[in-house]
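As written, the chain order gives the labels A, B, C and D, with residue 1 at the start of each chain.
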Amino acid sequence: MSKPFQRIAVIGKHHTTPLHETLSLLIRHLQDWHCEFTLETETATEAGFSSLPTQSLEEISQACDLVITIGGDGNLLRTARQLCHTSIALIGINKGQLGYLTDIHPEALMSLKDILRGEYSSEERFLLRSHVFRGEDQLFSQIALNDVVLSPGEIAQMIEFELYIDGNFVYRQRSDGLIISTPTGSTAYSLSAGGPILHPGINAIVLTPMLPHTLTSRPIVVSAESAIDIYLSEANRTQARLNHDGQEQFSLQVGDRIHLEKFEKPIRLVHPKTYNYFHALQSKLHWNQQPIFTDR
Amino acid sequence: MSKPFQRIAVIGKHHTTPLHETLSLLIRHLQDWHCEFTLETETATEAGFSSLPTQSLEEISQACDLVITIGGDGNLLRTARQLCHTSIALIGINKGQLGYLTDIHPEALMSLKDILRGEYSSEERFLLRSHVFRGEDQLFSQIALNDVVLSPGEIAQMIEFELYIDGNFVYRQRSDGLIISTPTGSTAYSLSAGGPILHPGINAIVLTPMLPHTLTSRPIVVSAESAIDIYLSEANRTQARLNHDGQEQFSLQVGDRIHLEKFEKPIRLVHPKTYNYFHALQSKLHWNQQPIFTDR
Amino acid sequence: MSKPFQRIAVIGKHHTTPLHETLSLLIRHLQDWHCEFTLETETATEAGFSSLPTQSLEEISQACDLVITIGGDGNLLRTARQLCHTSIALIGINKGQLGYLTDIHPEALMSLKDILRGEYSSEERFLLRSHVFRGEDQLFSQIALNDVVLSPGEIAQMIEFELYIDGNFVYRQRSDGLIISTPTGSTAYSLSAGGPILHPGINAIVLTPMLPHTLTSRPIVVSAESAIDIYLSEANRTQARLNHDGQEQFSLQVGDRIHLEKFEKPIRLVHPKTYNYFHALQSKLHWNQQPIFTDR
Amino acid sequence: MSKPFQRIAVIGKHHTTPLHETLSLLIRHLQDWHCEFTLETETATEAGFSSLPTQSLEEISQACDLVITIGGDGNLLRTARQLCHTSIALIGINKGQLGYLTDIHPEALMSLKDILRGEYSSEERFLLRSHVFRGEDQLFSQIALNDVVLSPGEIAQMIEFELYIDGNFVYRQRSDGLIISTPTGSTAYSLSAGGPILHPGINAIVLTPMLPHTLTSRPIVVSAESAIDIYLSEANRTQARLNHDGQEQFSLQVGDRIHLEKFEKPIRLVHPKTYNYFHALQSKLHWNQQPIFTDR
């Protein structure tokens, strides 16, 4: 039995149609269970629940101990980045197809009652932090829970860069880009690019090249404590961009240096007691299915 | 409207439990439809239908114009090889998961009535023929509809061989083996090894390396009219083996030459009018499913 | 002995530093051999050879029977597209690393003498033609010798589209894009994306998905006679773009249809008698090298 | 400055032609440097150095603090397994192509002098231990530094098994086998099968499927502290085998359980001060080469 949650905040995905319905259901349950809860201000406005108590993200980060997000993995990713400086626990409710991070379906909201009471498991997931330097100046910094992606800018089709790990030169690569992924992100974009699945218990990062011109370029898994530096080669004719969880972008210039490291504070994900990481994999990757070719 | 089928033979997979049931159903239908049909001798014996007219494979090959196989793709592959010298058309009934080749489910047996009357589409599929030479002597020859696979023998873990196409040296390769696949086989073993899907209308063969030690080794698609020669290098410490459709094996020795070419006569597959190659792909490869990661 | 070449045109890559040197050498040889030749107008101006006879591309296409390009594969690709309506033969001289298409090094210019006399081999390579439709209107059409690439526009990170082959629905895909490649282009961008190598003698096209979200999406090889249609799904939030040989771009909008088909006229590539397609593969893909792991 | 080495043993690969030459050179150097050394008994006999002091592996494991292996990675792998219960440091001299583990070329033997004096870097590499259970009985146990490989036995072409990690069911898989690799082995067989490169500093294991029938099966990286259990399914028609570093084999039967865990004691690899892991990768994977396709 873990510590029950005392003050709960609810954050909904912007502009998602079924938000109102799921939110109504959730609110009714929270009221039935006599929980103290608050709605994030914009969520309340959008969904038309202005009569209920609301708080800004800033206030939530100081007052609450659990945030329930409504919507897909994207919503939980955004909330995790926004609250990365706090110790708030996170859990996601997803009406559509279950995600890797959002594991409670609205029809299974009753399981939330047990979670609020302290019947849950929780785990820490680390985040990445990027810093972009132009000459001596740091121009930009951002957080990512899934991945940081270096890719070509507007017109370019490929980029050229140099990769250093802990100050060691690794390779100069021409490719469509590089995905630097946490274990959490290893089942997302990196997987499409041929990267391995990293169990969330691993303290490691995977660097997955996208369509590399050199066929021997392969995903490399390094310690999450590594310092990763990427130099945008002068050979690039055009800009590149740096993307965080597919949501936060920055435009890079030739000569920029990107420094990546583990963010000092992990987020905490809360799951129902029945949660099992491998069940999520099986379901998302359809591992329970018939093989593609029948027995000879 | 194509030519109706006049004399039908039925061949069932050896030792498959639900054979009797599907066969009974099929026989009842064929009798209802007043079709002239015969059972392959061993099929009849195994399934306990000895009172019905039976014929050997040899007799079937001379007397019939359509063979209905019962069982998975493996059964149709075997039958196709056995009848490769004839012009008999083939169709497969599969109780389990539908295969790429066996596309009629027992519950859809009524569609067979239309097929027998001439309401069908048909297509030709080419086969490969292997010849194994030791010195001047040809030791072995076999047919394959899906693929010919060169792989290590009993104890070995890898093999080394040289590949020639139309007399041109292509590469010397160390690997777990080489899959030489027709378009028909391109959705089977070759696909697992990273090979492309070849539409059956393509007159081409794909050579797919299995776990090659050189990372730049890639599947190569060449004309089906090519002469393919593989020399088992003297560097091999042990035997290798040559497999045809995963069913017919031959033990190779160091120094052997394998010659592969298109077999002169294609087989003819019959399909219901509703058949569509891409539907089969979508169903087998689960292309209609949700993507693995949710929208950000 | 093939037909000797009578009127030769020379086209150099724009803004390539070593152009002047290679061009001087080539011109001296052509003069020594008493060949009738002309410089493409812009090439002559750029390289400072204005005293020599020059012709526009338009004039060259009517008057010459062989075009020698100086520079990398990119230059030959551009020239091939520009002269695709003619029957002129093409050969490439490349000072840097030899390409797949440009196979004469300046130091081996003597081999050109034999080629001009008729001692050469030649082969045809087909091109793709794209047409973009918005509603009923055709907005754009372009030619490609290597590949046509559908990819996300400025800000987007992925696109969603539907693929049809000869009117048959193949799949709805979310990915970073789709590469439609000729055999000539199969060793370029498509190879980076996991596509197979297609021998130039194959009359086929390969459709290679880029980082598909569905892990069962695989390269498909279809007949070059196929009609390929791609519909940009309404689900896309932003623009996409269509690229030809990495050189000619068009901005697409949601709802656009891209139609692709084989261009009616192939180009003709000329090679020294010693040319061998597999030698080029071996050299470019480093197949002659040591395997990555040593014998156990 | 690390601790100098006091008592050195030399172990040569069995039946390697250039052993005598490299060994002579090494012995002359060791004598010049006034080092106390011993030859492994069989090595001395094979190479004809019977007049020099010799010791059995057992004696070496108790008396020496550094073992120099002569030959490829395979020789170092074998020695590492044989001495896994000791704390002896290992270094490899390799006359042929340098391996991942054997990083001193005979021509660079002078660098050994510095190493013996204490001018070296060293690192620990963990090993895997397998246990095979049939019912209640443990039948077999073995060590591996690179990888443990489950693959089909003599006639079979594929196997079916169930994988559990820390007691959690992961998947039931039909494939050509499964490679369970340490970071050390991640650049060997696992890489050929599409596995990622794991930096040796990572405390993780990668499970790489070989030609899986389900296309969504992907390499998974789990903590090296995980308990891995594999059950050979009853669906297998034939035997399977378990291989350790490609050198030690065991024949499995249907129903067997394979348990894998990290071995309690790591080995210690010694390198010249100039050693850099990424240099080895660059050299072995040819990352310094020209990309496969030229700039457009």
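Throughout what follows, a contact is a pair of C-beta atoms (placed from the backbone, for glycine too) under 8 Å apart; a residue touches a chain by one contact, two chains touch by 3 or more.
Quick caveat, the model's predicted, so the values are computed rather than measured.
Chemist: Which chain pair is joined by more contacting C-beta pairs, C-D or A-D?
Modeler: When the contacts at A-D and C-D are counted, A-D has more.
Chemist: Rounded to the nearest 5 degrees, what is the angle of the rotation that puts chain A onto chain B, matching CA atoms?
Modeler: The two chains, chain A and chain B, differ by a rotation of 180 degrees.
Chemist: Quick check for the class: compute each chain's Cα centroid; which one is farthest from the centroid of chain C?
Modeler: Relative to chain C, the chain with the farthest C-alpha centre is D.
Chemist: Could you give the separation in Å between the centres of chain C and chain D, each centre being the mean of its C-alpha atoms?
Modeler: Each chain reduced to its C-alpha mean, chain C and chain D end up 45 Å apart.
Chemist: Averaging only over C-alpha atoms, locate the centres of chain B and chain D and give their separation in whole Å.
Modeler: Once rounded, the distance between the two centres reads 40 Å.
Chemist: Could you tell me the distance, in whole angstrom, between the mean C-alpha positions of chain A and chain D?
Modeler: Chain centres of chain A and chain D, defined by C-alpha means, are spaced 36 Å apart.
Chemist: Would you give the residues of chain D that are in contact with at least 2 other chains, written as numbers and ranges?
Modeler: Within chain D, residues 157, 189, 191-192, 194, 213, 215-216, 218, 246, 285-286, 289, 292-293, 296 contact more than one other chain.
Chemist: Spell out the residues on chain B that touch chain A in their complex, using ranges where they run on.
Modeler: 72-74, 77, 94, 96-97, 99-100, 187-189, 191-192, 215-216, 218, 245-247, 284-286, 289-290, 292-296
Chemist: What part of chain D is in contact with chain B in the complex they form?
Modeler: 149, 151, 154-155, 157, 175-176, 189, 191-194, 210-213, 215-216, 243, 246, 249, 285, 292
Chemist: Which bits of chain A are touching chain D when the two form their complex?
Modeler: 157, 165, 168-171, 174, 191, 194-199, 201-204, 206, 213-223, 226, 276-278, 281-282, 285-287, 289, 291-293, 296
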